[in-house]
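Chain naming follows the written order as A, B, C, D, E and F, and within any one chain the residues start at number 1.
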Amino acid sequence: MESDRYKRGWEKLMEIDGHAGKNVMESLKDIAPDLARYVIEFPFGDVYSRGVLTLKEREIATVAALAALGNARPQLMVHIHGALNVGCTRQEIVEIMIQMAVYAGFPAALNGVFAAKEVFTERDNMGQSN
Amino acid sequence: MESDRYKRGWEKLMEIDGHAGKNVMESLKDIAPDLARYVIEFPFGDVYSRGVLTLKEREIATVAALAALGNARPQLMVHIHGALNVGCTRQEIVEIMIQMAVYAGFPAALNGVFAAKEVFTERDNMGQSN
Amino acid sequence: MESDRYKRGWEKLMEIDGHAGKNVMESLKDIAPDLARYVIEFPFGDVYSRGVLTLKEREIATVAALAALGNARPQLMVHIHGALNVGCTRQEIVEIMIQMAVYAGFPAALNGVFAAKEVFTERDNMGQSN
Amino acid sequence: MESDRYKRGWEKLMEIDGHAGKNVMESLKDIAPDLARYVIEFPFGDVYSRGVLTLKEREIATVAALAALGNARPQLMVHIHGALNVGCTRQEIVEIMIQMAVYAGFPAALNGVFAAKEVFTERDNMGQSN
Amino acid sequence: MESDRYKRGWEKLMEIDGHAGKNVMESLKDIAPDLARYVIEFPFGDVYSRGVLTLKEREIATVAALAALGNARPQLMVHIHGALNVGCTRQEIVEIMIQMAVYAGFPAALNGVFAAKEVFTERDNMGQSN
Amino acid sequence: MESDRYKRGWEKLMEIDGHAGKNVMESLKDIAPDLARYVIEFPFGDVYSRGVLTLKEREIATVAALAALGNARPQLMVHIHGALNVGCTRQEIVEIMIQMAVYAGFPAALNGVFAAKEVFTERDNMGQSN
């Protein structure tokens, strides 16, 4: 049933993105509630729940892709949080950005590092240890 | 010394890309030998040799980014080979593409899967088991 | 139930993409059957079935976006077919590409026109009138 | 004559973008007056005046393309205004963004919706009914 | 008058792209004659005729941008020809691609070099000295 | 030796980017010192020091590419400064953006001009004559 996908997706969203994910859903509520539902059902209910790759590996792929594309900074920041929430270290996040210097150029890597720096500061301010 | 970076890079290139990497270097020899040298020294001599991320994690990041960008099919194919050479399974490669449907759209995912299919056929024809 | 989304999606896919859509699904069967299922369920079962925009308007948006991105030629061709199948004229397809010259540059427009030319020839060869 | 293209373009720009279009032209006056002239002559004097597609269809194509590219937020906002000015409803704008989730990924769709939200608020504040 | 822009544009197109430019115009004749006219009037009649930058500098900018975008190979090849026609050396073309490794990544640089290699071979076959 | 590349790169960075380059390096110090080192060694120590193209030609290529990509505004601004530092005039910078209207679309050109406007104001405020 649809509601299983939604329920499974919501739990996965909370596991990965926690607070940040909730905020994005809130901000969609009045303007595009169906898009909010799709975000929960398809990416989180269907895709993140598949296994095969670990959640850490999925977030490495996602952070790399968003840093390389360079046109979705809010989502890059949400997924740097997500990657740290599911087991990446801060050093590994920086390392993904260095890897992107090779495949998407130094500007992509630098902007990725600056996004990471902002996320790390947010987490320091929230008292999170990683 | 420069030659240490080159030597370390060449060994890393052989470890990851083997035959495919050698072919790319060959094809640059007459037209852009310095670019061939830079490819060995910087991506492979400097970046891939850093540790922090495993080679498998680096290739997950790279395959994801190249599939998301969608404008570098030859390099995507080289790095699908590379990912399989350093420990990814074929199923994991397909899974990276499914993850990219969420972040770069279904065309990126489909073209990534079709590139993977071509690589898998090449490897079957070469008698490789994964 | 899931199967409703799949059934609705399959019918919508046949309505829009017909033969071409079926071929794409076939080619995914052995390598990524779950991605094939997602394509039917999410884009076609969920999104294309929403109403609000007409199918013609959805295809105008899609052809414009794929021409602007310029990195997904097979999907651009499928959706030029799709646009013609749901009511666009050939002249309107060309006009979308001219519009893209303004927003994505002349190379995007030219490559869009050349893709359209190939689609028109395919349809002439299949005896289709538009 | 050149001046016909300019006159026709200026009227078309006012019809579609009104206030917002005028502001962009103003901001180009001192630094790149020729680019301001080209914007009026080519996109508006030549392309938007062609017919074949309705102005609403042209703006659907443009909003879709700019949301998919994801790297031109000011122009996306101007064209969401434009689309609403020539007959799109707010719901249709949101729907274009949902369509883009399929072809350019969820980050493109989300950032498109957030840009639309900002435009809708601007229009509410200006007392515009759609 | 319009016809001045067209005449000036056609001469500029012939000066820069020669044979290759003529072929592109030919291939647009039956499907999108107005787009062919715009290509001549706006890029070549208006922009390339402006001065300020030399034609060589304009082609350096164009080859760099098309190599960085990586999604318009036919136009990249036309403009590598164009750059060579207005005074760039082959070594300078390769050098632009190396510069792009820094700003758009190594895949962009490699694909740029391979496009250049193909152009150089075409020119060798046509007996051109540079 | 490594330190030769670093030394040569640092001098080249100071020649081209001066104050702005130093700030970027500073901001990387605590979070990604190795990336800072790579920026100095590879782009500046290896690439910018090659000759073949003049520094002005390299910056024309870089400003064009970054304006076309449209996803790296901080680096675009640094390189507009850089281009002016190595001999471009302000009028030439604007001209590169007009050239990009043709190859990457009017939004890329407009955003490039607005970035240039901001850089020119910064330089006016610093009392720089070009």
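By our rule, a contact is a pair of C-beta atoms (placed from the backbone, for glycine too) under 8 Å apart; a residue touches a chain by one contact, two chains touch by 3 or more.
Everything numeric in this text was worked out from a predicted model, so none of it was measured.
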| item | value |
| --- | --- |
| Chains contacting each of chain A and chain D, listed by label | B, C, E, F |
| Chain pair with the higher count of C-beta pairs in contact (D-F, A-E) | D-F |
| Superposition of chain B upon chain C: rotation angle, C-alpha, nearest 5 degrees | 120 |
| Chain centre separation in whole Å, for chain C relative to chain A (CA means) | 29 |
| Centre-of-Cα separation between chain D and chain C, whole angstrom | 24 |
| Between chain D and chain B, distance of the C-alpha-averaged centres to the nearest whole Å | 40 |
| Sequence positions of chain E contacting 2 or more other chains | 34, 38, 42-43, 47, 50, 66, 69-71, 75, 98, 100-108 |
| Contacting residues of chain B [partner chain A, same complex] | 42-43, 47, 50, 52-53, 57-58, 60-69, 72, 75, 91-92, 95-96, 98-104 |
| Touching residues on chain A, where the partner in the complex is chain D | 24, 27-28, 31-32, 34-35, 38-39, 43, 66, 69-72, 74-75 |
| Residue numbers on chain B that touch chain F, as the complex places them | 1-2, 5, 34, 38, 42, 46-47, 50 |
| Chain B-touching residues of chain D, taken from the complex the two chains share | 100-108 |
| Complex contacts: residues of chain E adjacent to chain B | 69-71, 94, 97-98, 101, 105-111, 113-114, 116-117, 120 |
